[in-house]
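The two complexes that follow have subunit A in common; it is paired with subunit B in the first and with subunit C in the second.
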Partner chain A sequence: MTGSHTDDASRPLLEVEDLSVEFPLPRTSLRNRGPRALRAVSDVSFTMRQGETLSIVGESGSGKSTTGRAILRLPPPTSGSVRFDGIEMSSLAPRQVRDLRRRMQMIFQDPLASVNGRMSVGDIIEEPLIIHGLGRAAERRARIVELMELVGLKPGWQGRYPHEFSGGQLQRVGIARALAVGPDFIVADEPVSALDVSVQAQVINLLARLKQELKLTLLFIAHDLSVVRQLSDRVAVVYLGRIIEIAECDTLYASPRHPYTKALLSAVPLPDPKAEAARTPILLEGEMPSPLSPPSGCPFRTRCWKAQPLCAAERPPLAPVSPQTEVACHFPEPAADTVPAGQLQPQ
Partner chain B sequence: MMTANPFFSELRRSWITQAALVIAVLYTLVALFGPWIAPYDPTRILSMPRQDPSAQFWLGTDEIGRDVLSRLLYGTRIAYVVAIVATGIGLVFGALLGLIAAFFSGYADSIIMRLMDILLAFPGLLLALAIITILGPGLGNAMIAIGVGSIPEFARLMRGEVLGLMNRDHVLAARSMGAGNLRIMGKHLVPFALATMLVYSTAQLARAVLTEAGLSYLGLGVQPPTPSWGGMIATGQQHLTTTPLLALIPGAAIMGLIFVLNILGDSLRDALDPHQRGLSRKPS
Partner chain C sequence: MPLLDVADLSATFSTQQGDLRAVEGVSFQMDEGTTLGIVGESGSGKSVMALSIMGLIPSARLGGRIGFEGDDLLSLPDARMRRIRGSRIAMVFQDPMSSLNPVLTVGLQLTEVIRLHTGASRPEARARAEELLRTVGIPEPRRRLKDYPHQFSGGMRQRVMIALALACDPVLILADEITTALDVTIQAQVLALLKTLTVERQTALVMITHDLGVVAGHTDRVLVMYGGQVVEQATTAELFEHPRMPYTWGLLDSMPRMDRDRSKPLVPIEGVPPDLLDPPKGCRFRDRCRFARDICASRAPDLAPAADRPGAHLVRCWGTQDRAGSGWLIGTDHTAPTEA
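What follows is the complex of A and B.
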């Protein structure tokens, strides 16, 4: 069911270009001063190859979930282009978008809230099959059993209701539901954030296995760099609605180039207690600025220890600093394996 | 599918609710079986007018000599039918309009809700009177008039419920699966709004009973000789100084039913409230 639709391996499955999402603000007074809309996502661009896993990492309010949802047009982006398998999503009629959802599915953060509590888990997993008219009743029943086994649930549980399950089990239901129609692209919106740490690992392992077996292209959204490392091919770090660094997974962890990425990584606990004791964590001061009044220039400058006047004057564009890394910073950190000689010149 | 029905646990806690439920069941039995319980034909003149209660006529006879008890029992059925049909009209059309307004928002929302505001600007009985004036008096038209009058409140309530539900993840999930509007409304919105709507319906039943009595009192609802509580009060009040029971008995019947319906409505709301507005978003 998951046959690859793109034979040309070099062509990206997903191309996101200058994606922006704004939420209109209610007018509070007749004089109507202040911003008219909240810009949650600004000019986000990236591409994903077939079978690749890209993680988007950021604090809450950074626009990471909104980005994932905008790609699925839930709600549609305010501007920018999303091409899925070469098809421009904004050019599609609602009917065609719904048909395309068969190939693009979503896994949600809160496994209990994202299922209909009045439906049995069997019905929940079956629903996308009914929506897309896949199979007769008997075939659908067989498919439910197959899916429940695939995600590690007992098929005998399909008559049970969501409140009878633990969070981890219910997230498996959510994954089975997303896989039911055989999608090739999945947006996983913080799928483990609501789960216990011990269960997080199980669900991550499950996703890693399914991604291999089913050759899924996975957009994984997380607020924590520690959970995405195992799963990701590439990682994008977002801050205030913009990608500030995007790099190959190993490169990013070994050699973060943006000060913000470096600070985030210093908060990830290390397994080796000696190494943990030896390093000095970078503690960021303050909070992320409100997206209603973003700072001029670089969005991160208000909390950056390296900020210079240039950072307030000019927003650094996202630009490649090495074959593996693009970063949006006037003064990026030196690559880890090179001697920190001269600063990279601002562009 | 629902764990420990909250209404029944509420019922166990409160003796007032228990008493109200018992009385409501009695009213309902009377409404269902009134014609079989009633000792006499409610429209037949059986004896002298305005007799005091006796072994033969438990509640006496009315101003032209019909049995008050039989008229009261038949009147219960009329009150029930009017209240249920009128509330049903309000619930179905109100919920539908509220659902459409919330779901499609924008122009649909503005147009529907401004129309509802216009209807809401009239006091309930006045609106019913206006509709009766157009349609003419009678049982069926009274039901329509009362029902139409209750549409706006149902629509507003439903709109609020649906607006809240639309932001829930399971609705977003349904959309992400590719579900169409009808499926989302029917399977993922309406069942969740239903509990609140049923609670409000109970309160609305009480109001419908009162409005029907008002219309019949004014001679615009149920037409004589068909017995109705409002009509009985209207004729009874002419003899208030000599035979006060003629007006007091149907009055007490109306008051009792409304009282009981309101208590049940409140209990139902208390029972369902923590589940809907509470912090834990457990499936109710």
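What follows is the complex of A and C.
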């Protein structure tokens, strides 16, 4: 359906600049002091090339979903700029935003969260086509069949209801629904997190195939670093609403430069008893602070084993330390000497 | 004598559609200070098995034997079972909110349990509660005793639950997916805490998880469950080095792994787990198995020693178990073909 409007290969499809999202805090009799708003996302900037997969990783509450949703204006960001295919989204009228959603779609962890549970899966996949006024009834029916085949569902199942499907099949329905209107940009928010590993692999492979076949630009949100590595071209690590490291995927895994990234990677359990016995995870103390009372200076300093007085006084900006990596740390980790063979993937 | 000796345990629910056998023929033993991992897909029977050991699943009909410190827990009177539960055996759940009382402070809940099981005075119990919170790594434990469960983060609530489980100094802890909802850095903290307990207090730990990574680093032995049955059972080192069940191969091949070349696609297990209301005849994994032969459809394999790994490695597969030379072997090179 909709093809790409980006002909100039060098121009990014998506440009996010200083994006911030605040949620106002209601005043109650119990709580009438303290901050008036919770800052979930702070000054996030990145760009995405056409066809690229960028992942956002970070722990629960770090602002991943809020970032993804703000790009789609669900709800709009509090400040900052999002340009999609050169168009400044904040300059658009609501109707134009709605039209642009044909090109920008979202996949969720719970594929049924936003649909009426009494609709058949055919209706669920068709609904976005009706909302956007695309095609006549017969055309839409043909499109449902095409979409179901594309995501590996039997078209004969379109009259069935969600409760007759397994988790992995429902996620395929969610993906078909997102693809129905022919988007070229997808925000996928933890699409495989709720699935068992055997089924998770099916959906990861499906996403990898679809992004190739349909030349999708994918913003992939997840907390599982092994899953992220499987799909990404670049990875952004977020902490307390800020990007603290963004790097080319293989570089990030082989040579993390931010202490938090290093700790995260060291804590991922490997399914190999010998490897597990041979390594010691970096045990961080405490937990991510509340976004209601973020620390001064570096957001990670309350858990960082390298923190110095400077870290409390000044927040380190996100800055390049190599052609592949930008990091927000006053004292970044040294680059690993060599990137182990087999971890480098030719593009 | 092993601390825990489970023999031929089964758990059956009566449902409107008929009997559902959630656990069938499970046998294993555990010594003090050891950790047993239980892995398997959702619905494979892990939680029902743990709840059966705890005697916390009244709607199920249980069969077999659960030997624990010389008793058969399945034939103990309720009152004695209640005393064992909480004083000798404790369970920690994935969702701590479901087992903490939201309207009581954490301190009150801890002291109640301590007083119930030790008869300690109120001040003694308070001191012990504070010490327990410190043991599980909660900063400022004295102040935190006054807080309600919702004032703790997910990771801290999980520690409070562990503290609650430790309150009576149990010899066996059943942990059901307790790190599944936690972020990886917090998971590492909780796993390190559990490891300390098994080493320093010689607590035996049953760790239920679906993460083979957690199993690899934190258990001594593993049961792999599928469709309510144990399908593979070995020491952790043995299981990862010489897996002998096509289902286990499938689990290992479908995992995205940071220690593998990421340019190769994952190899999923196609299909879905069996319907326990109407389990397939023969091998329960047959529909999804690339190696299935005729016999797999007609006869159900027992859990038996693996043909080339006699000793302690048990497997429920016609293809890899020892059938006294009467059968065929599917081979042990499971390297799955990558997608075309």
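Quick note on the criterion: the second predicted complex is superposed on the first by the 327 of 347 C-alpha atoms of A that agree within 3 Å, B and C clash if a C-alpha of one lies under 4 Å from a C-alpha of the other, contacts with A are read in each partner's own complex, and residues count from 1 in each chain.
Throughout what follows, a contact is a pair of C-beta atoms (placed from the backbone, for glycine too) under 8 Å apart; a residue touches a chain by one contact, two chains touch by 3 or more.
Remember, it's a predicted structure, so these values are computed and weren't measured experimentally.
Engineer: For the overlay on subunit A, clash or fit between subunit B and subunit C?
Structural biologist: fit
Engineer: If you stack the two complexes on chain A, which partner ends up touching A:Lys64: first (subunit B), second (subunit C), both, or neither?
Structural biologist: neither
Engineer: Could you let me know whether more residues of subunit A are touched by subunit B or by subunit C?
Structural biologist: C
Engineer: With subunit A at the apex, figure out the C-alpha centre angle toward subunit B and subunit C and round it to a multiple of 10 degrees.
Structural biologist: So the C-alpha centres give an angle of 80 degrees.
Engineer: I'd like to know which partner A:Gln202 touches here: subunit B for first, subunit C for second, both or neither.
Structural biologist: In the superposed model, A:Gln202 contacts subunit C only, not subunit B.
Engineer: So, A:Arg102: does it touch subunit B (first), subunit C (second), both, or neither?
Structural biologist: Touch status of A:Arg102: first partner only.
Engineer: May I ask you to decide whether A:Leu264 touches subunit B, subunit C, both, or neither, giving the answer as first, second, both or neither?
Structural biologist: Only subunit C; A:Leu264 stays clear of subunit B.
Engineer: Quick one: is A:Arg118 in contact with subunit B, with subunit C, with both, or with neither? Answer first, second, both or neither.
Structural biologist: First partner only.
Engineer: Quick one: smallest Cα-Cα gap between subunit B and subunit C in the superposed arrangement, Å?
Structural biologist: 11
Engineer: Determine where on subunit A the residues touched by subunit B overlap those touched by subunit C, and list them.
Structural biologist: Residues common to the subunit A contacts of subunit C and of subunit B do not exist here, since the sets are disjoint.
Engineer: Looking at the complex, which residues from subunit B come into contact with subunit A?
Structural biologist: 1, 3, 168-170, 172-180, 183, 187-188, 191-192, 281-284
Engineer: What residues on subunit C touch subunit A, complex-wise?
Structural biologist: 41-42, 139, 153-156, 183-189, 191-192, 210-218, 236-237, 240-241, 250-259, 261-263, 265-270, 272, 339
Engineer: Quick one: which bits of subunit A touch subunit C in the complex? Just the residue numbers, please.
Structural biologist: 59-60, 166, 168, 196-202, 204-205, 208, 223-227, 229-230, 253, 263-265, 267-277, 281, 283-284, 286-287, 342-343, 345-346
Engineer: Where on subunit A is subunit B touching in the complex?
Structural biologist: For this pair, the touching residues of subunit A are 69, 72, 74, 98-99, 101-102, 105-106, 108-110, 112-119, 127-128, 131-132, 161-163, 174, 177, 181.
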